[in-house]
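Next come two complexes built around subunit A: one with subunit B, the other with subunit C.
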Partner chain A sequence: MAYEMIVLTNMLIAILFAQSLNLITGFCGQVSLGHAAFLGIGAYTSAMLTKAGWPLAATFIPAMVIAGMIGMIVGAASLRVRHDFLAITTMGVSFLFTGIIRKQDMLGGEMGIAGIPAAYGGRVGLLLMTLCLTILFIIIMIYVKRSWMGYVFESIAEDEDTAGVLGIDVRRFKLFAFVLGTAGAGLAGALYAHQVRFIGPDSFGFVESVTVLSMVIVGGIGSIWGVTIAAALLSVMPQFFQVIDDYKLLVYGMLLFFAMRFMPDGLGGLAKRFRQNRNPDSSSERSQA
Partner chain B sequence: MTAAKTSPLLLDVKNVTVTFGGLNAVDGARLALEDNQLLGFIGPNGAGKTTLMRAIIGMLTPSSGQIILDGQDISNRRLVDRINLGMALAQQIIKPLKDMTLLDNVALAAGGNKLLSPIKAMIHRSRQHEQDIAHGLLTEVGLADAIYKYPAELPLGFLKRLEVARALARQPKVLLLDEPLAGLSIKEAEDMADLIMGLPCKGRGVILIEHNLSQVRRICKTLYVQNNGRPLAFGATDDVLEKREVQMAYLGKSE
Partner chain C sequence: MLAIDILIQGFIQGSIYALIALGLTLVYGLLRILHVAHASLFTLGGYLGVLITNATGSLFLALILAMITVGFVGMLSYRILYRPLLSQPPLIALIASIGIFIASEEIFRIIFGPFSISYVSAPLQNQIEILPGISMSEARIMVVVLAFVLLLGVNWLSRRTRLGIATRATVIDPDMAMSSGVNVDVIRYSIFFIGSAFAAAAGVMVSLLNNLVEPTMGAVPSYKALAIIVLGGLGSVRGALIASLLLGIIETFGTIYLDDLLDRDSIAFAFLILVLMIRPKGIFSKG
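Right, the complex of A and B next:
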């Protein structure tokens, strides 16, 4: 039972983490190859605080605020770059983060932080907390998607220049997506730290950033359900197949490549196409929903 | 420039120069738009018409010159500010958002404050009001039957009209139309020209870039001509078209 609970908690954290990137990359169209850094910022913040005696739940806000603030700085620095350059810039963030952590003795340096206290209520408590927060985040995502914010994001994701000509403050919305998304990653990080109870610089490196991006791309950028399913499946795979765990970067990198090349709309897109094929008239009613 | 200077200028473009890698695509352009005026803007292909429009609206930065909107110098403002101060552009190369219906394409542009503030955007969900406006505008440009269609389903002539409807949704003081008649059939072009003729009003001026000279001559009283990026003539349409240099540069060559 304990094993299943661990798998389930990991899966939920992966879903939360992937959805937080889905907001930036899927909704707003900004590719990030450094998202794991924000998972790390949340994890380190929360771990340091619980080790200092804070209850886990009280660390969620600081973890989100610090991740979101650094996300805002990174977002502001990346406002001028697009597409490939944005990918490279955010990739730099990933290396910068692990590089800095390694040199900080206060944060455990190379050794990382061990002995992170268990969550209140043990494994069950953590599982329930993770379940609630992940569901809450998905509800927020659904809400954002249906609000004017989702509408505006959709236009920015498709064509920033046109969005600008329509009078949209593209910079401000992009920045907002970065802040919301990185804060979400910070929250996932806080949960993650108390799931594994040992964190080190390697837990939040480039591989993890590629992994989460592949979840979003395979799920179908912007599709909430597609990304949920992709994150759930891809997060448990390494636990069942040792090879995948050994060759993570290769496997997820290839997955990313093939998904972008052959399945640009991901799982969500496949589902949409399937629905449309069964009901060819639905396209004219989609906007009403 | 124009003789009667009594009416206030809505837009004043002073000596604007735009350089692309050493080449002046626009070179000292000067034009003025009055309130309630429909100004025709002609010039051969590559004259820098589109480039000047993009500089006026803030999509590109001129290397020199000033742009005054309604008495306010906006030369250093960014695109989003200029648009929100009351400018709109219907682009020559149409840019429909392809994942949205025509109705949603236009309703988005009518979003007002929700396009400026993420917080406002997050707390508002209903598009009803904006869709009503969009429906009205799409009907005005003759697209009432296509409002739930996606851009990919429609021919160029429809999308040109979508571009105009979307610009109108901004309720601009200065409306810039870059070849809205291109790609339309003779009948459609005639209808669209009629529509454009009715767009200038109190508080709004329109600049119309067009190669369709018969329609320009029919609906524009004032004309600005540019050639090789430089201003060639500015004044009453008939006078301008009489000028030798205009005929040499424009009428002699293209068409």
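Right, the complex of A and C next:
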């Protein structure tokens, strides 16, 4: 039972993490190749605090606040660059984060932080806590998507110049998406740190950033259910592939390639096309960013 | 003396970056795609260089064969990877490219084994005194010379040949070039051939400097070369070359003076972010 619980908790954390990026990349159209850095910021913050004797639940707020604050700085910097430049800048953030962590003895340097205390209630407690927080985050996402803010994000994702002309304060909303998304990643990081109980710079590298971005894209940019399913599948996939563990990255890389090649608008887009084929009248076409 | 030593070291590093970044920046100029899988071709070049040299004993032959083979693999990568995705947003091609790159590291590991491979007898290791008190191995001199020869060659190609003129026209306006009778697809295949061959040359050079090749040798250059072409102002060949040399030198100084603060790879990206904050479209962009 313990094994299934670990897999399930991992899956829920992945969903939370992917949704937090979905807010930035999916809703608001801002590509981030450095999202794992914010998972890392949350994980380190939370791990340091629980090692100092705080209960896990009390570290959620600091983890989110610090990740969100740094997210605001990165977001403010990202306002200056667009498209490919933005992708590369955020990639730089990812490398900068691991580079700084490696050299900080206070944060364990290369060795990372070991012996992170278990959550209250052990595995079951952590699983329940993760489940509640993930569901809560998804509800917030649905709310944001349906609110007027969701429409504002969508207009920015589609054409930010036109959105600006219409009187939308593009910078403010982009920044807000960054803060909310990175705070979500910080929360996921706090949970992650107490799930694996050992973190190091390599847990939050560029590959992790690509992994989470691929969850969002395979799920279908901006689609809440698509991204949830994609994150669930892609996070448990390595467990099913234990037999071919040696070829894990090969399978993973090819999967990314074939997903992009044959369903570039992701699971969400696939579902939409299916619905439209069955019911051609309700073709509420929403273009993907 | 130390400063000059570091400067030369940075210059060599910069020459290698230039060879890798050239192919990337050409591909970006033509297709507006960030070609991450370029680094797989770099690794393939390194492996071919070591294996062919070990089999035949001739580094020169290995270099030529590696460049030609990898050039063709590069054309193949355009055919199967990018050509079907041209109508999609660039992000789709980027993710597909990252996927291929991740898979390729695994393929190298499966084919060539997880451990590094070295030259049986490493060629060009004699030290030559280039300035009083400063000596360099022949391999290092060769890196700089080769980089300059290849880059001058590309410069000639782009200014004096029909292919070069057609390429420049396609970069500026693909539709206009097509209606003037340029076969855009041929241009793209040729650019992939040239860019990939250069990446292979860089791979052989790095294998020579380190005297080993390993499946993950492409990881760092792939991302750093992206940083370089962004620094140079995406798609600008001259910008990319200057940025390569600049980054090589800054990094080498940085690893010595900033070692307590940042590791080598993050110095490059710290510099990148700093520059982008001041000039959001790269150092050499217009306006």
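The criterion applied here is as follows: the second predicted complex is superposed on the first by the 262 of 289 C-alpha atoms of A that agree within 3 Å, B and C clash if a C-alpha of one lies under 4 Å from a C-alpha of the other, contacts with A are read in each partner's own complex, and residues count from 1 in each chain.
One rule holds in what follows: a residue touches a chain if its C-beta (ideal position, glycine included) is under 8 Å from a C-beta of that chain, and two chains touch if they have at least 3 such contacts.
All values derive from a computational prediction rather than experimental measurement.
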### Query
Is A:F176 contacted by the first partner subunit B, the second partner subunit C, both or neither?
first
### Query
Counting only touches as set out at the top, which of subunit B and subunit C does A:E158 meet: first, second, both, neither?
first
### Query
So, does A:L128 touch the first partner subunit B, the second partner subunit C, both, or neither?
neither
### Query
subunit B or subunit C: which reaches more residues on subunit A?
C
### Query
After superposition on the shared chain, which partner residues are touched by A:V144: those of subunit B (first), subunit C (second), both, or neither?
first
### Query
After superposition on the shared chain, which partner residues are touched by A:A114: those of subunit B (first), subunit C (second), both, or neither?
neither
### Message
Taking the superposition on A as described, I'd like to know which of subunit B and subunit C A:I73 touches: first, second, both or neither.
### Response
neither
### Task
Could you pull out which residues of subunit A sit against subunit B in one structure and against subunit C in the other?
none
### Message
Per the contact definition, I'd like the list of subunit C residues that touch subunit A in the complex.
### Response
28, 32, 34, 81, 84-85, 88-96, 98-107, 110, 223, 226-227, 230, 234, 259-263, 265-270, 272-273, 276-277, 280-282
### Query
Which residues of subunit B touch subunit A in their complex?
57, 59, 79-80, 83-84, 88-89, 91, 95, 97-101, 103-104, 108-109, 111, 114-118, 120-125, 127, 148-150, 166, 170
### Summary
Residue set of subunit A touching subunit C in the complex reads 31, 77, 80-85, 87-89, 91-93, 95-96, 98-100, 102-103, 206-207, 210, 213-214, 217, 246-250, 252-257, 259-261, 264, 288-289
### Query
For subunit A, which residues are in contact with subunit B within the complex?
144, 146-149, 151-152, 154-155, 158-159, 161-162, 164-173, 176, 283-287
